[in-house]
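The first chain written gets the first letter, and so on, giving A, B, C, D and E; residue counts start at 1 in each chain.
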């Protein structure tokens, strides 16, 4: 730029006293970085540093016996990868996160479609719908545990009353029952959030587009299939991200509802890591498990998110 | 404060006032102050452990007897023998209670209160089923259970622990002992794979099949069931009384229904089984080496005082750990406590919880027992799998198999 | 191929009456334009015809068959929306073929009908693109194409060109005119744009506040508006209105800057006269049949010159349209001559007193 | 959206309402009902759907005996404070990502976002000593700071997503009016972004509000305990299984937050609709 | 009160050169309009003047001072944005006073300056409303008001009227004309709209593809376009272009339907001639100085009639604008007479060969 200003034949004026150094773009860059700084610092201290430390610990034997950790290389990873429990945990996590996410998407979408339709009492229902999301997760675990309770639970009560079973069943004591219960609880808790996102998406639907489809002869199912679902695709992508994050990180409900049992039927990764670390005091192993988890998830997450950010 | 005391009793609504009394008493006597740090029973081990990692250990900690081995490696743990002298301690504490605090010849803990885990029956439930005599053998026990099942609708005749790993451990161990089996021998060898073990587990599985026990019951659930007379038997510590009073909603009026009894035996004449249970006190040195003058050692000394030992354990429905307190009329005249002591004369060690990898062992045992009870595995499979997994765990913890 | 008859059509949203009884017949093959100010109910009426909203009262018939309760797709109607309402996730071909696909038309036929329509509209090369990859004019064409492939009996257009820029609007207008010629289908066309309505329509319906003000051919409306509203609405720049003052004689009234002589005395009192900008010329001050004023502002478009004339002794400003480029001095006394034969007289209620065309306007 | 004039459509619609509605609301009904039953009626194998005798005994005992009010207050303080901090951090970071260009912008953002997948339990292992070093163990500030873990990345993303849609012209107009970047942000952008900010605040709040893991570990003093562990330790734990009390307590602790949400949910939906997530 | 000088202004976004060297001087108090097709860089140039984007190369001076690196607020410039960019959460008064508040002007003065501007713009009664409670026209006024209160040296407008409907646009145009009169400030105005540019501007700058095509007064551009682009861009309906055929004599060329005689032989070969629709009239077939063709379509606006004439033996269609209402038979042979003095001749490169105005156009 300077060379241009000195180019021959150009009129020469005095530079305005208000002119600033470095130009506009550099200033903007500085301000942008300044605004990011607080979050970046918090992120580094509270998330990144602990993670890096955990990464380091995963190469150490750090248990109750070894108050000073000793370096053991990849032994922790080897132990984990050869332990069938690890794979079981991964499997359960997949079922749990997958089941809960799919279930919530389906029901949350269904509920959003319903609440997008005008009918009397809609406002009240919309307002009430938020409840399962805002009750503390411990509470939702309580409620569902109570509903599933083998002695006094309402499910048993109803089934007994209907004579579908003759003795009370211990739902939470079977692997399937317990997994179903934690998934149902998770779905119950997340429907409101998903519903809100879908509803927001639906409120952005161009009514003229739907009218056009009606004129073209589309019935309700065609409207849903050909127009609403494609329209909601971006929302769906985001909702799936949030659902997966929420599911993976969910600890509270499962811990309060089944504690990971019976046996290990509901020991998702978050529970397993907790168990390893805080019940068996094997920090090195727990770190290795967490690192493995991140290693599995981070690359796909990064690319998925990049797609999300770019595809907007 | 001059010292900090972390404990679970302080976190329990019913026990908190008793703890405050101890602290007030200590302060009155020595002029030193105590900072109580409450921690829920289930969280205490974790808290101690995390504090060890961050080097902020409290000076005194109340623990359950079965955690001692896993905490025994913590730095700064005081060997009371070096402070008070072995002989002195032996003079003060009842031998079996003191023994629970010993590891490798060190006295790492002293008892705050002790006792055993034994069986409790509910008189109201027995009456409803028309049972007049408490069962003494396993056979009688089972027959009674059947009677209760049939006569008391929607009952769980024996509220055995079937959820919550540490609860399952205690119940299963009891039956192991009843059937003459062991899980781990004193040298750290896993010996659970035995016919006796299989018999014990098969017996429990059979109870489950017959619906004499129920799934999804932990200690609190059992207490609730018994408190409501919907269960006739369960295993618990002497503290049972305090809980049942509260859960029945009837208070001391419910005492009439609480019957400590001997755990049934395989054949008449066998020694009835019970398991050692205690609340122990460990300390972390305030000075190196620790001396009697340290605030926390003064506190330890105070805990052995009759002022504490005739008050706190009794309020918790448990036996004191000191000889003099046990002899004190307040304790000796408590009918319930003496009945308890009479029924459970030879409490045995918890042979699983005492290892440094006790947490893992408990998990393995409970998982396998649960799997058998819930019909996912046969009793045989469960026992052999338990054996294999425990052996691996013990090997890893440095106990050659 | 269809005749559309509306009788006594009313529409209310809750307590609000939006349409207050519309009677209208659209003949087979006719091109009818709905015009009117914003909010007068044009779109609402179109949506009723289409079947997208329920008619509150009245009857609607297509080819003699009452269709009040027939769903949109079964009415044989196609609609082009103002926002185009293209399906953003489908290709152009997908958009155009969608209705046929839903109707179960075989793939090959869909393909050939879409191709044919695309050819007519010159969008063959875009068939595989998504709407967002198209320019405004191309999107507009796709929207029309989507309507065409269905071979409807009636086309409905809701301000189809309003989102285009001026140049494209002209181009697409000519396109629609061509289409009207070629297809000969009955068309109903809502627009804000004077020129579109005037140039395209066989018949214009002027709506105002939910009722029909006038129905007629474009030139009818231009030349013989039945009331002040229509007179002011049709024509651009809009008609000048002069308030009549005191009656000076039976058929002579005062106006700003002069007086007006009507052809005859009227039974109903006239209140205003209206003169279009193109029917006024500038003359010397005091010329016969002229009112006195002065030019306050001029606008030069090259092809035309607009002069804004303030009449003496009033706030009335007359817009005068002069052909070509005229140099005009501002703020000098001047006379304006209005072609009296082209002026309109309105009653206080705004009705056109057609019989009373003035014979002269002159300075007092 | 849907045309419900046909009978089938009505049936499907009605059926779905009943089904999902039942799933969503029955547990709440059941919670209320159970909290109002006396223990004798509560602990029955065949439950009553409409309690025969309503009793407030569970409520009475929780009022008089438990520390629920304290737990609730602690939760509100810690969740509120951490959500506030989170939101403030995310507001700036989101705006920076959305409206400024500098090297590394996108990778940093993506990395931050991916970090939401780090297992919280794992981070806790290392956060614990960090908190100890700063003397923040067993303190509310410590818990509040740790809670940033839960929602910062998603909060940043949500606001980034929204701010990207704020028209540049608006910012340019303010710049032409002589406002500095920070001034523009504070006086123009933030005031028009209230709904999305509320959305992000609520989202962050809920994570902390639900937390069991961190508060169970980082807080040992009862006077700083939050409701998650508080409820668990009071009602269902090694020594207790008081279902009626648990239900009553659940309702009591949920009430204020449900009420607040009823009030804020309009903003919440608006915030999402405005593009907080897109 | 300010003179704006741009020399060699360039702007690139990454590798894309959007402005390719603009030299321009806007005199103190002048009203300059930027016109040009979409994407030609009008807005970009305006943003550079305002200081919202960084100038890639070149020099910009206001009142003889280089301001390349001066932040917008210090340039003494106010800008009115296309979308108005009103602050939605502030009242009208808040919007208008924002810049003053930032500049630390005392409350009372802000108040009085806002009140004064509001009075000029007739929005006094809305001062307490939020923008969303205003109509489009009112918002537009607030946007202008926001610029006025700052008493800038230069006003910048980016298509300020494009979001308004036709009637409002006319009204606001007159408003801006009045404002220009009253304030006398230097103004730069970007528009798509012919009429706005023609009627408001002292000087029009025609941009195309990032360069200036022509700068001049509105009538200059209309009458003496320097090239085909400007000729086609200015004027509506747009100029008709006829391709010249073989050279028949030194100064005689074939065109569809006849031939054209130029005033002189040209050194550069002429390629096209351009004639505006208003400079063509219809005559009998074979009348002197006329080309042969037939009317294929007519549009009747009441005030004007457009005839589309297809010239014999070609696809060229001439648009003819006739004043008033004309009844025209379609598809009958007819003659078109173009005023040769008003025609333009362009070289193959599109340059206007101004010296070569044709002397006659006639049927072959």
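The working rule: a contact is a pair of C-beta atoms (placed from the backbone, for glycine too) under 8 Å apart; a residue touches a chain by one contact, two chains touch by 3 or more.
Chain by chain, the UniProt names read as follows: A = Sugar ABC transporter permease; C, E = ABC transporter ATP-binding protein; D = Maltose/maltodextrin transport system permease protein MalG.
All values reported here derive from a predicted model rather than from experimental measurement.
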Common touching chains of chain D and chain B: A
Count of contact steps on the shortest path from chain A to chain E: 1
Chains contacting each of chain A and chain B, listed by label: D
Chain at maximum distance from chain C, centres defined as averaged CA atoms: B
More contacts between chains, A-D or A-C: A-D
CA centroid of chain C to CA centroid of chain D, Å: 55
Averaged-CA centre spacing for the pair chain D and chain A, given as whole angstrom: 13
Residue list for chain E, restricted to those that touch at least two other chains: 51, 71, 74
Residues of chain A engaged with two or more neighbouring chains: 149, 151, 168, 214, 278
Contacts with two or more other chains, residues of chain B listed in rising order: 46, 154, 164, 221
Interchain contacts, given as pairs of chains that touch: A-B, A-C, A-D, A-E, B-D, C-E, D-E
Touch list for chain C against partner chain E, complex: 38, 165-167, 170, 174, 177, 192-195, 198-199, 218-219, 222-223, 234-238, 276-278, 297, 299-303, 306, 321, 323-325
Chain A-touching residues of chain E, taken from the complex the two chains share: 5, 7-8, 51, 53-59, 61-62, 64-71, 74-75
Interface residues, chain A side, partner chain D - complex: 28-29, 31-33, 35-36, 38-40, 42-43, 45-51, 53-54, 57, 107, 110-111, 113-114, 116-117, 125-140, 142-147, 149, 151-154, 156-157, 160-161, 168, 188, 191, 196-197, 199-200, 202-205, 210, 214, 219-220, 223-224, 228, 234-235, 238-239, 242, 245, 248-249, 251-252, 255-256, 269-270, 273-274, 277-278, 283, 286-287, 289-291, 293-294, 297-298, 301-302, 305-306, 309, 312
Residues of chain D touching chain E in the complex: 167, 169-170, 172-179, 183, 187-188, 191-192
Contact set on chain A toward chain B in their complex: 64-65, 67, 149-151, 167-168, 170, 172-175, 259, 261-264, 275, 278-281
